[in-house]
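Labels run A, B, C and D following the written order; every chain starts at residue 1.
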Amino acid sequence: MTSRTDRRRLALPLASLVLLSAAAVGAPWIVSVPPNAIPTDGIIASMPPSLAHPFGTDSLGRDVLSRVLHGARISLAIALLSVALSTSLGAAYGAFAGWIGGRVDTVCMRLLDVALSVPRLLVLLVVAALWGALPNGSLVLLLGLTGWYDVARLVRGDVRALREREFVLAARATGVREARILLRHVVPHVWPTLVVTATLAVAHTIALEAGLSFLGLGVQPPQASWGTILADGFTPGGARWWLTVFPGVAIVTVVLACNALGDALREALSPRQVAA
Amino acid sequence: MSVSSGATPLLEVRDLAKHYPVQGSWWRSPSQFIRAVDGVSFTLHAGETLALVGESGCGKTTTGRAILRLIEPTRGSVRFDGQDLLALDREPLRRLRRHMQIVFQDPFGSLNPRLTIGAAIREGLLVHELAQGAEADRRVAQLLEEVGLRAEHASRYPHEFSGGQRQRVGIARALAVAPKFIVCDEPVSALDVSVQAQVVNLLRDLQRDRGLAYLFIAHDLAVVSHMADRVAVMYLGRIVELAPRAALFAEPRMPYTQALLSAVPVPKPGRAPRRIVLAGDPPSPANPPSGCVFHPRCQHPAKDARCTRDVPVLAEKSPGHWVACHHVDVTTPLPPPLAPA
Amino acid sequence: MSASESGASRRWRALRRILQALFVVWGAATAAFILLRLAPGDPYATQIDELPIPAEARAAWRAERALDAPLATQYVRWLGNVARGNLGWSTLAERPVADVLVNVLPRTLALMGIALLTSLAGGMLLGAWQGTRAGSTGDQAVSATTLVLYSLPEFWLAMLLLQLFAHGLDWLPATGLVSADYDYLPFRAQVRDRLAHFVLPWLTLSLLGVSVFARFQRSSMLEAWREPFVRTARAKGLAERGVRWHAWRTSLVPVLGVAGLVFPSLVSGAVFVERVFAWPGMGYTTVQAVGARDYEFVTAAVVTGSAMTVIGSLLVDGLLRLADPRVRA
Amino acid sequence: MTRHLLTVHDLRVAFATEAGPARAVDGVSFTMNAGETVGLVGESGCGKSLTALSLLRLVPDGGRIAPGSRITFEEQDVLAMPERTLRALRGHRLSMIFQEPMTALNPVLTVGDQVAEVVRVHTTASAGEAWTRAVDMLAQVGIPDPAARARQYPHELSGGMRQRVMIAMALILEPALVIADEPTTALDVTIQAQILELLRDLRDRTGMALLLITHDLGVVAEMASRVLVMYAGEVVEEAPVALLFDAPGHPYTEGLLAAVPTLDSTRERLHTIPGTVPAATAWPAGCRFRDRCAHAWERCTTEPPALAQLGPAHRVRCHLVQEPERRRA
């Protein structure tokens, strides 16, 4: 089903994601220093990379490599869970509106217009302002609840188009029950959209969560996350490049890999490849 | 097949209509309708083929789908095998579907690209609990062979087949539930001539062997002349002429039918008929002309104010030959001489 | 088909579009109100409850703001205030929210507007160039670059540019709207100073925007390039330039469609970028307000942000109408 | 010796596919005289459209015209001429009408602009003059109220009107040769009748030569004076139209004619040609029709037949020409 070039384009991003996830999962075994350990004998200050601390230390003397790896666990977990939530929500909403059609669909879409017009970051800022520091669980919930609009729109479009396809009519004419038509003839054609948008959404959510944490509104210190490390390194003076570069590169690697993977999946799963 | 036999017809369509709203929105009821189908009536007997012909947009496809309730009709009645289809609830309708099937025009769109053709054909058997497991496999193999494919094709996907083969799969899918009646919606229009002939012959053979009734929707009059027992000509959502095949092709009465028949290019050089070339395009079904829908393009010499005012009813002008025209009794030779003003 | 009829239906369509936009803004405002009331406790608690004043004074304060009225009454009142432009009191600035907005909003609008124009222009040129030579080395290099740019978080790109151009090369000022000595500068130097401070925020947003539009323009051009009318253009004897123009003109339609959807991300981009460069626009002020628990300002920011998005997509709709005769009435 | 308007000699076009090279057009040769109407018939995939596109060097991406192919039009070598000369030819001396007027016209430009564009590319006419000529031409192809219609977009016209626009575009500079690729396939039969009448009328008025590509034998019978039948990338028969229909020489032509349903036939069953067209990547050795042919014998599997003279103007690619006794009843 996938050609050789497709597979090649999938391989690199997939490999980097697998590698990074492995590093995240294996963090406690890869680095011996705990992420929040403040040196008892050393210097409580931010130091550039050295043999002992390959990524340097932050302003409290904590090991940046350890914090980046442990931060990966949190960043990835939050992104994956919230995307799982938003994708399911969006798919359900979109499929419902698209399959029912008519006025229900129109009302659903108007509501979606409203939701889409409120910049997501502003909603997150309001919630942060009102509720203050959010535990990670609530952060997942919040990111999930504000991230499903695009999926809903795309799935609804797909489902509406599929509803008119002749093989769906043929199934209905045969006397197949609606639930079975949805499951067997519609869902398999929506999958590629879901997989692609979910992959791209992971990229977006990683960046968004890092941004929120950077603003001090996401993952709360002392917990390590890529955004909080970046915030620590961000001073008006502008020194301490290691606090900007290492977590930043980690974020960009994941986001880039997800985006590249999404692009490659879109090509590989496009109906042209299946039908022709 | 006798046209006016006294037996109860298998299918009886009365005043069927489908109007689509235009310019509607969710707080305002639509003010204008596209009259895709606007009062269509006919009957179809078991084992008979009625062809529904007309040009694109005349409502023939909508008629076919509305009869099967793949599109909900706006009004009218459809009696199938003694039951009123439009009054049926979802579940009884679903169960009844095994007796009436459809074959689509587009052999690419009518098969789910992600299902093997075996699975597509089995689906009908499974949902109507006609066969399961090995028995279903056997039936699928049998059906594939009946439509001229091979049993081992069952495990292949639609894209592995040519257009003609896919159309055979579509026919096998429809046959799986052993229906009495099939709507053939332009089943050969997308096919090349040599393949088209194969599928036309297949449909005829199946009708003979299984006693099927066809509603054969087509725009190609030549194909229709090979398939149909009776022919209904549609224009702008209405049947304007309905007659036994021979009568319709030999002696078309309605001016539109005459023009339609004369427009078909004949593959015999130097023997082209004297052609009636209609002016302009068919009007929009959102805004059909008053009176006879054909009057703006009509070439009939006796065309008069009545044509623009009164809707002509489809009336039986000679046994079995129904025409919707005010002036059909004024016999006109083909083509009509244009009277000097 | 008559001209007057289509004119009337066109006007009706435009009116309907504007009504829809109003509905959307109303929806956003309602959502903001609900969020504000959903918050744990009384959002005004910190403002008033910790003040060493008598309980009656507190009650009077609340009554004055109708905070003791039923929720529905509060909602109607609040909506009325919003409609009249009374967006509340900013505790951070100690001024009406509307006053603060009048100051900071134009800056952000200018930043977003100019960045959007550069993004569109740059992205369209780049993408159109790529679309006609898909698969070439040049196309692959540009695609790789735009993919990387597209994957950079706004704040991180801003930090890199800050580090490079301000701290490293010292070409441009690092932060703020103007330099400290702005008031003492001659007029031309003032203009130059303002522009110098504008460059980095603009550059950050534009680089990201170019990558977004280049990617869409490329695929849209690629699609148009395969359309039969491109072959017709060649068959007419057009030179490649003319053929490319045909394809580009058609490829604009989907790209403009996308432009209508980027406003929310443009808003969040502005928030991050203003924060990094401490450039006191709407975004920077909102972040400050969040830190200071300035509820009414943050709520107003949501309503304003939504209104900006809605107005932006209305404008894009207008452009789309110009570009695509098929969506015209 | 008369000078031909068009000479095609040993035209070969191949596509690279995953299954190897597809020899879609494989050694096509024919000539056309000024003012002549030639029909090129065959079923889908036989290479007839590709042959037509090759005449204008418009072979789609991935396809290549093989060296050794020669196309001479008005005594110029089309395949060897520089782009500039070729462009001057396209749409001016040699033009094309495409099948699907909806996609072959640019959806975002007015039809008047698209017709006028031809004039502006090939002549020194001003924009105003070109527009006037375009409107005039639209009137000539039977478009009512052409001045108003010229300002409309393709989607506002019916299929028949769109095809008239295509014809206006192709004929406005009175080319010596017009290639019409399935010009009526997308149209209803009554509209087809209008378009065929228009083409006949314009041909008689301007004296242009017409290469009519179609799968509809009825259309060929009505329009052409000479017919080329293609099968599997080759011309298998060439004959004056009356002769072809009365006494087809190739079993494929014979089968095709028998398979066409007609209005007056009373046959129960249609004649069919068994099997399907082989894939262009794997043409059978010997005669490409042999697997579907009722007359085939050993020679047909080993030796590819040449296009042999059967009568004065009748050429057939079949071994039966030499061994007519092999023909089965």
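Methods note: contacts are C-beta pairs under 8 Å (C-beta built on N, C-alpha and C of every residue); 3 or more make two chains touch, one makes a residue touch a chain.
What you are looking at is a predicted structure, and each value in this text was computed from that prediction instead of being measured.
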If I rank A-C and C-D by number of C-beta contact pairs, which comes first?
A-C
Quick one: subunit A and subunit C, Cα centre-to-centre, how many Å?
22
Take the average of all CA coordinates in subunit A, do the same for subunit D, and state the distance between these two points in whole angstrom.
54
Averaging only over C-alpha atoms, locate the centres of subunit B and subunit D and give their separation in whole Å.
32
Check each residue of subunit D and list the ones that touch at least two other chains.
none
Subunit A: which residues touch two or more other chains?
110
Which residues belonging to subunit B are in contact with no fewer than two other chains?
25
So that we know how the chains sit together, what is the shape of their touch graph: line, ring, star, complete or other?
ring
Interchain contacts (touch definition) - all pairs
A-B, A-C, B-D, C-D
Given the complex, residues on subunit B that touch subunit A span 25-26, 65, 68, 70, 94-98, 100-102, 104, 106, 108-115, 120, 123-124, 127-128, 158-159, 170, 173, 176-177
Show me the residue ranges of subunit C that touch subunit A in the complex, using the header's touch definition.
20, 23-25, 27-28, 31-32, 35-36, 38-40, 43, 147-148, 150-156, 159-160, 162-163, 166-167, 174-175, 261, 263-265, 267-268, 271-272, 275-276, 278, 286-287, 289-291, 293-295, 298-299, 301-302, 305-306, 309-310, 313
Touching residues (chain side subunit C, partner subunit D) in the complex
227-229, 231-239, 242, 246, 249-250, 252-253, 323-326
In the complex, go through subunit A and note every residue touching subunit C.
110-111, 113-114, 116-123, 125-131, 203, 207, 210-211, 214-217, 230, 234, 236-239, 241, 244, 248, 251-252, 255-256, 259-260, 263
Okay, in this complex, where on subunit D does subunit B touch?
43-44, 144, 158, 160-161, 188-194, 196-197, 215-222, 241-242, 245, 255-257, 259-265, 267-273, 276
